[in-house]
Amino acid sequence: MRALVKQSAGPGMVVKDVPVPACGLNDVLIKVHFAGVCGTDLHIWEWDAWASGRLKPPLIIGHEFAGEIVELGSDAASAGLLAVGDRVTAEGHIVCGHCLPCRTGDFHVCRRTSIIGVDRDGAFAEFIVMPASNVMRLEGISTETGAIMDPIGNAVHTVLEGQVVAGAAVLVVGCGPIGCFAVGIARAAGASLVVASDLNPTRRAIAERMGAHVVLDPTGDDVPARLHELTGGDGIDLVCEMSGHPSGHAQAFQAARPGGRINMLGTPSRTTEVDFARDVIFKGLTVYGVTGRRMYQTWQVMSRFLRAGQFDPAPVVTHRFPLERIADAIGVIKDGSAGKVILEIGA
Amino acid sequence: MRALVKQSAGPGMVVKDVPVPACGLNDVLIKVHFAGVCGTDLHIWEWDAWASGRLKPPLIIGHEFAGEIVELGSDAASAGLLAVGDRVTAEGHIVCGHCLPCRTGDFHVCRRTSIIGVDRDGAFAEFIVMPASNVMRLEGISTETGAIMDPIGNAVHTVLEGQVVAGAAVLVVGCGPIGCFAVGIARAAGASLVVASDLNPTRRAIAERMGAHVVLDPTGDDVPARLHELTGGDGIDLVCEMSGHPSGHAQAFQAARPGGRINMLGTPSRTTEVDFARDVIFKGLTVYGVTGRRMYQTWQVMSRFLRAGQFDPAPVVTHRFPLERIADAIGVIKDGSAGKVILEIGA
Amino acid sequence: MRALVKQSAGPGMVVKDVPVPACGLNDVLIKVHFAGVCGTDLHIWEWDAWASGRLKPPLIIGHEFAGEIVELGSDAASAGLLAVGDRVTAEGHIVCGHCLPCRTGDFHVCRRTSIIGVDRDGAFAEFIVMPASNVMRLEGISTETGAIMDPIGNAVHTVLEGQVVAGAAVLVVGCGPIGCFAVGIARAAGASLVVASDLNPTRRAIAERMGAHVVLDPTGDDVPARLHELTGGDGIDLVCEMSGHPSGHAQAFQAARPGGRINMLGTPSRTTEVDFARDVIFKGLTVYGVTGRRMYQTWQVMSRFLRAGQFDPAPVVTHRFPLERIADAIGVIKDGSAGKVILEIGA
Amino acid sequence: MRALVKQSAGPGMVVKDVPVPACGLNDVLIKVHFAGVCGTDLHIWEWDAWASGRLKPPLIIGHEFAGEIVELGSDAASAGLLAVGDRVTAEGHIVCGHCLPCRTGDFHVCRRTSIIGVDRDGAFAEFIVMPASNVMRLEGISTETGAIMDPIGNAVHTVLEGQVVAGAAVLVVGCGPIGCFAVGIARAAGASLVVASDLNPTRRAIAERMGAHVVLDPTGDDVPARLHELTGGDGIDLVCEMSGHPSGHAQAFQAARPGGRINMLGTPSRTTEVDFARDVIFKGLTVYGVTGRRMYQTWQVMSRFLRAGQFDPAPVVTHRFPLERIADAIGVIKDGSAGKVILEIGA
């Protein structure tokens, strides 16, 4: 089969022929129709410090995908819950089920997580094998949308954690694809005010199309003054920090109201100076770090939002490329002109 | 009446005669028997940056106390819930009841809080006036213990927030009086392992007497290695950060397990570098800032722990002084030789 | 002033002149513009067992209202949070603040609650006095809508308790005014499927206008079969039981899925046979009894939903009468032809 | 191997030789050392309505056990988390992982649960095969105690659900083995008052040995009056209903305070009349039905309580029999003279 492979340590990737993977007893073999390209894939392409410390080439890349089941292992088949021909997507974190986080429902921070496209072969290929327990059927959801439920799920996890979003004033700091998804999810979940902030006008425009009541440019707008005005002086109930920048952290801590909450997903590449006294302790603030998706509460809410039409990711999807044009896909992500980029593999 | 007064901007305080305060319609007048001396009082004595920015002398100092009701305003009397002669203590945060935090149950971060001994006259005096709604009767609790329920309540808030303590592995970083109280509260609330860490051997000894299973000296012990061993590699479920030091923050972030929690009460005097990617996001961690006491859930649990004998603060109380010897009280706090220091005022 | 008074034990009420109430130190005097008529007022009119056991005539009736502040007590005035001329509504439960439920944030089940129009003079009058802490300003909300925030708040409390509504399949059993409000609140808070059930076609029509995806008639429709089909066999996540009938309870217990929740507000006049094994224990179900409104979390979310236009009660308001036509107002409620009925008093 | 088999429809069971079960790829084969006899086993022995409706003989009975791993399937072995020789116990609910309850963390009410000893071969045998994911190692816990972690876990689930036990006044209605375990778990988790109620003096004596502050006999004691006195009029925060009797339900609803909680585990054999208005709605009560154990939060807390010595089930274990004397084991359960009964199988 054709697959996008990180062949060896160093920048770049290569499209090449590799064997179709074998389907174990509890596994399903999926023909990949669409896959999403993520910032993580850019790090892997560029072979940055994180990538070189974690990946062991050769490896098939890609962790966001959807497609169609073409084979089931005998145990997966006898369970009778999935069938050949089912359109499906899958959670890309394969977890141990035995560690303390797994045993207490925090599968998303399993101590032995193996992530497809990072720790084991991924989804930028014609076929992928997944454990049946990670696979979910796409009832009432298009296969293309299924391919980006991984990052939509990041947004759902970020917006819903702490259960404060109904009626809330929400600030989304950073309007990359997951930030823009967070805007729409916050609207679907009943936020009363959704403000989005980004330096990039293209991204602010997408955030607006996803339902942001107000978009702010931190270089031009007086963000604290605008938030004060928009919330009648109450401040922001829930900040979704999606930028990973110290300046985003500063916006977040400044904006969050006493008793409020920051759910932080944007992954920083360096440390941030925090004034815990002023910004956390005296405010009675809660800060939560978002990894992956809650398995599988996040998927349930997301599926229902998509199926009921409460959330539509379409405005975020700006580019589609065939697998062979991965360099172009990486390019539009890198230059900031893209929202979400999709690879059309086997549709 | 005799009272300890911050007479003017600058270091020190003075014991002097002042008028007994007037008791409003919804107020009660309390004869103070005992009062607790807090680190905050040390800041006020020394007139540090925080104190000079917040206090408006002249002001009676002190916010931890207990005593006996000697007069009730007419509305407080007609409510029939308190009576002359009742032994009582009181929550020292007087809140507005109308701001967003108050309207959502987060009275402890009320935007218009007025704190006794900081923003209005306090408890280092023969009498104090308090709103009836802040006053609680000491049924089955000694008056001396009643005088330190403010800081015990800080510990209760820190240990119970997030509801993870039953069966948990708890690390208390910093064994000042509130840290030592937190050790005992964690034991009372069903923690399975309580580890306490402090540089000061006197404080470690108090933490041990309060029930710490293990005490560690971060200068001599390999804290991460010991925690790894004590938790079978699982890590700490709940860190109570009571030190306010960047080195304490480092211990806390290092110790907290994936999916774990840091409840942070120690007030730093400077900023801390935080690696949000490694220490918060990839760990799926929750960090919560502790201010005051939950009004009044904290007080309920605390009262019951004290009344049922599940928690005894006695080992923490190391010194008692009459009001006139405030300088000595401040001295033993400053030199680190004290646990909790109590002023005997009108017993 | 003109007021609607329950003059003595027995059916009926009378409009008569009574003195304007005196405004205490912590009180505000409100000129009433609009008031809502509630099923409770019908019970009082008819002097049923509940009413005769609880009310002590003579008493001014009515507990749902909004209007304008015309006077403040001196303490209320000096707090500076309310002013003459403010358009306001108020929580009608006046609570003690000292009992265990009050001290643990459950003010709505205060052991010494005094309810306006039931335990003390109410709102069907030109003026009413309320404690300032119970009063809320109507920013961005019409005064007429303000007059029915009490029952809208019942619906908010019912829909939000347990925090499961985002993405949920919700069944509202009983489409009286509060049931119809619950339909709209569930939509505003992100429910993915809202089904409403009632025998009365007028009420079903209102529920549909409030946003119910599907309305069912339990006499004509096979409710279990339809719910099975609508939820793909998963069952209902959250049942809002608003009917108070044993047949409504049966619908609720049948519909709720394993791990689901029933929030029960409809007040039964008799007992119900419950099969706890089949319907609660083996299902791992949660049943919660809804009284009043969470003070004041419910009011915050409600205010924001109204202000942001996420929820509009207009389709439920079917009748408006002047105070003098109270008999007509009671009549349309009794014959089932009404949604919500409003008294125009001093607009 | 020797096994206790329900050979055919009708009362009784028989000890006979059957083949050792085969160990699948993801399974482990366990040599059973000890097993617990449960009320459920009595129902199966007697072949009551529930048993005849659910079981499909022939079937090996028994669902509470512990022992030693003697073989691992190849996938279970390669995971490296369990090994031959490990002393283990196991969760007896084998769940699908795909249904809505499983996907939202409520595995204990999985729609396709298969329970050992009920739906598939059980543990009253020399060997049993279990999926590796259901198996937990007994570090620091005796094998005999491991054999009764299933019912101890029922008690942990009952006591901890709702997170209200720290500082709480708890009433345990019904002092069978799980009720007695609940007494000890409530003490371990920081309850301030634990009252236990049962008609049977033997059971009350065990409850006392497990740490009940007070035991009551509902036939001789005025339970409401005693609870009023013991709680200073506040009422019970958490009722653990373990009796399954309408009279137990009546005690529970009467005892629970406004804003309180009933966690209900005792399985009734008939319906109960409930006054929802008085007992649930006006009280703002929460009622939760307890099935099984939260997978696996319950097991984590339980393991830690046992390992730390916070909870000791020893006083509850009253009888031990070899497998062949199952009739005697059933007899002492049936006549009410037993606490927990253990079968010694392969120790």
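We call the chains A, B, C and D, going by the order they appear; numbering starts again at 1 in every chain.
Definition applied: contacts are C-beta pairs under 8 Å (C-beta built on N, C-alpha and C of every residue); 3 or more make two chains touch, one makes a residue touch a chain.
Everything numeric here is computed off the predicted structure, so don't read it as measured data.
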Result of counting contacting C-beta pairs for A-B and A-C, higher pair: A-B
Interface copy of B-C among B-D, A-D or C-D, judged by whether over half of the contact pairs recur: A-D
Chain centre separation in whole Å, for chain B relative to chain A (CA means): 41
Residues of chain C whose C-beta touches two or more other chains: 100, 104, 300
Residues on chain D engaged by chain C in the complex (per definition of touch): 100-101, 104, 106, 108-109, 111, 234-235, 244, 249, 257-259, 264-265, 267-269, 271-277, 280-291
Contacting residues of chain B [partner chain C, same complex]: 24-26, 75, 79, 81, 96-98, 100, 103-105, 133, 296-297, 299-300
Residues of chain A defined as touching chain C within the complex: 139, 160, 163, 165-168, 188-190, 192-193, 232, 300-302, 304-305, 307-308, 310
